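Below you'll find the structure I mean.
Here the chain labels run A, B and C in written order, and each chain numbers its own residues starting at 1.
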Amino acid sequence: MSAAETAQDKASARNGWLLSTPALIILTLFAVGPLLIVLVYSFLVPGKYGNIEWAFSLEGWRGILFTKDIFTEQYQLADANVTIFWRSIKLSLLTTILTFAVGFPTAWFIATRPPKARALWLFLITIPFWTNLLIRTYAINEVIRNEGLLNTLLLNLGLINEPIQILYTDTAVFIGMAYVYLPLMVLPLFAAIDRFDMRLLEAGYDLYASRWNVLRRIILPITKPGIIAGSILVFVPSLGAYVTPRVLGGGKQMMIGNFIELQFGQGRNWPLGSALSLMLLIIVTGALLIYVRYANGDSRHG
Amino acid sequence: MTQVNAVEARNVVKAFGQGDNTVRALNDVSVEIRKGEFFTLLGPSGCGKTTLLRLIAGFEMPTSGTILLEGADITYLPPNKRPVNTVFQSYALFPHLSVAQNVGFGLQMQGRPKKEVDETVARMLALVKLEPMANRKTSQLSGGQQQRVALARALAPKPKVLLLDEPLSALDLKLRKEMQIELKRLQTETGITFVFVTHDQEEALTMSDRIGVMSAGKLQQVGAPKDIYTRPVNRFVASFIGETNFLSATAESGAARLGTGDLVELPGLTGSGSVTVTVRPEQVRLVDPAEAGAIAATVKTLVYFGTDTHCHLALKDGTEVVARLQSPATGEAGLAQGQSVGLRFAAGAAQIVED
Amino acid sequence: MADRSFSVAKLPGFTATAIIVFAALYLPIFTLVGYSFNANQSVAVWGGFSLDWYAKAWANTQVKDATVLSLIIAVTAAVIATAVATLAALGTTRRKKFRGETFIYVMINQPLMVPEIVTAVTLLIFFGIIKQATGIQGIGYVILAHAAFCIPFAYLPIRARLEGMDLSLETAATDLYASSWQTFRFVTLPLLLPGVIAGAMLAFVISLDDVVITEFVKSGGQDTLPTYMLGQMRRQMTPEINAVSTMLLVLTVVLLTAFFFLTRKNDQ
């Protein structure tokens, strides 16, 4: 390269950095930087009235899974914590599976509409996506509560004699999460199916494949990046869900998100809360790395 | 004193990428483009012709070498300081501006008074016959009209050189033919030097004063269309411009001996060793096989093209030769597959080309 | 007339599933909206049509204050986020890839990757320290927190718009004697504007919708509409929440419709 070319590249890179600097400053101060403080806090001792005391301790991290017996001072598995983790993982997985099972046909349906209708259907999926999560959770509450739409309907039809208690159960949280995160599954699936070349189906049928074989051997493998993206996009926020379990679980059916909050509230164990947050972050990052690895190797950036 | 060239490139090298991935888009190219001529850079895609154009426009900087505009070094001058304008392959018309605003853009950026801008825009629109479209949005125009706007926009600031990057490639055949004539007219009327890039050899032959044939980052030959066609310097130029036959031969004094043993007269040829002889299909005559000096051949296939017929022949040693026969004339009606014929090359038609 | 030809794109049960999904998506929302017109005191029983709850919500100073605060935060955060995101998008697109570009990209999208609850907790701690050290209080903390997580939402549509923009337009401008500033002012910016507006609208909606981070970062008396509603849901529920939700819902739908048309125009 000539000196002029090098100078041009350098100027271009410098401008790139300069233009990005304001955004980077805000993000460093209010998004990325504070994570380091949390890392430090996770290794300190809880203060009596919340906050921390400046003494090194591994109790925060140990507290994720173990609890110290008050009398014997022995560490034992914290059953309550394990229950919460298990519920979080179970509900997140179930949510992912259900949203995929109903989301794929929905995305397929949208992608196979004529262009104009497609834009409209897509818009109909997008509205709930951008609608306040709290409102949507509350909307589900309106349907499943004891005097809600579902129970009223079933009672009037004479199918049940007394309302089914769904609200404040795992089922309620599960229904709620599937409801609020469904668009996150449908949108990437749609993107993948939209790119899918329908002529491949003609080729498949031409080569004697059945509908099932076409789905299993052609459609699903080719739309795999979208399936992985959708699954991650649903699984990750499900695992960190806070609002939905709080409103529909009634504070009893806690998930990791609520458990973290508890440590900063009544629990008064900031180091444990910090450690739990970081654990959640690590799991989520792991999931995202899997995504980057398997989804599309030719990421548009790079 | 000799006349100053409009554009001159001296030993220009342009490399992309770094280390092992370096690709030399231009490999030591030197060319002189004369004032007021219609100069065409012709070559297949990836040959470096567009890169050379972008270097002249100032969108890229050469890795080494110099570019002169009317004798002045402009190698590192930014594009907005060069009195050179470009007609882009995609036209690059500003979608948020009207036709008139597009045409006046360059003058406005130069800070010319509004009156002058308006007058020039009107004149330019008249030149490309688009006056009624002045206030339209560019997206409302047809491909051919967009092409004219792009031309008017690039001509409006009266550039010293107009660069045209495959401007006709997006048009259909009929429109392309019309625009070829239109471009030639504009060039004559304005007297501006045109540097035209294309991969279409027919376009190059019909429009240009001179052609520079490029391949693999190098300028292969520069000359008038007729010279390029009739006197190609190498195998690439011969095969890229028009169709041709290549025959391996051995050099002798004043002639080349083909693999079949037949002699092809080539006055001035000296030396020895293998050479490649080229003959255009329309210069191949079919004669009576018994005629003295005729090269024996067998008819393989006949391909009918309407105005003419291509007769694929095989020589004794298997070499294929194509002869183009004018349809009604030569009496190809008598030809049949497998028939034995004699070949003769028109006088001066056979050439030696470098490989 | 029935189309009896074999449709390759048709898969059994898919259309039915999709219709059920759309119904299931909208039924709860319509229920919520419907109950907002319930004359009855509790949300439980239908007592006839009424607009009382809207009047009540309108007269409720807490709702009013929360609405005003929500709007102040959302507007300020969206403006900040859009401004810095526009610059960053200009810095990270359409130039030769430079060292650190991927880093910048990851940083900008970081808020999308971190669970909200984690960000909320981190900011709770971080702002706690700052408040203790400086004694400065105020709504600025919430605004800055919102600005930060709104950046990727503003950045992505602007970036998409920039990447979709024909680079040869700017090349053409420089060829026609425009300086870098003139090129930006007369070509890049006018073409980019729909993307900037779209980005700002997304940032606004995202800020307006946020519950978790605001809930952790806010001080006493700094309730936004969503945190106010969350608080109400813990107490007894009246259709007033439905009325407030409906109003917020309408605002979101209006903005999204505008966004939809704005971005659709770009494609043509």
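To be clear about the criterion, a contact is a pair of C-beta atoms (placed from the backbone, for glycine too) under 8 Å apart; a residue touches a chain by one contact, two chains touch by 3 or more.
All values reported here derive from a predicted model rather than from experimental measurement.
**Q** Starting from the Cα centroid of chain C, hunt down the chain whose centroid lies farthest away.
**A** Between chain C and every other chain, the largest centroid distance is to B.
**Q** Between A-B and A-C, which chain pair is linked by the larger number of C-beta contacts?
**A** Greater number of contacting C-beta pairs: A-C.
**Q** Using mean CA coordinates as chain centres, what's the gap between chain B and chain C in Å?
**A** So the centre of chain B lies 55 Å away from the centre of chain C.
**Q** Find the geometric centre of each of chain A and chain B from their Cα atoms only, then give the gap between the two centres in Å, rounded to an integer.
**A** 59
**Q** From the mean C-alpha coordinate of chain A to that of chain C, what's the distance rounded to whole Å?
**A** 17
**Q** Give the list of chain C residues in touch with chain A in this complex.
**A** Touching chain A from chain C are residues 6, 8-15, 17-22, 24-29, 31-32, 35, 43-45, 80, 83-85, 87-88, 90-92, 95-102, 104-105, 107-108, 110-111, 113-126, 128-129, 144-145, 147-149, 151, 155, 202, 205, 208-209, 211-212, 216, 226, 229-230, 233, 241-242, 245, 248-249, 252-253, 256, 260, 264.
**Q** Which part of chain A faces chain B closely enough to touch in the complex?
**A** It comes out as residues 1-2, 4-5, 8.
**Q** Can you list the residues on chain B that touch chain A in the complex?
**A** Going by the criterion above, the answer is residues 15, 18, 61-64, 75-76.
**Q** Can you list the chain A residues touching chain C in their complex?
**A** 9, 12-13, 15-20, 22-24, 26-35, 37-38, 41, 51, 102-103, 105-106, 108-110, 112, 119, 121, 123-128, 130-136, 138-143, 147-149, 179, 182-183, 198, 201-202, 205, 211, 215, 236-237, 239-240, 242-243, 246-247, 256-257, 260-261, 264, 270, 273-274, 277-278, 280-281, 284-285, 288, 301-302
**Q** Which stretch or stretches of chain C touch chain B in the complex?
**A** Of all residues in chain C, those touching chain B are 166, 168-169, 171-179, 182, 186-187, 190-191.
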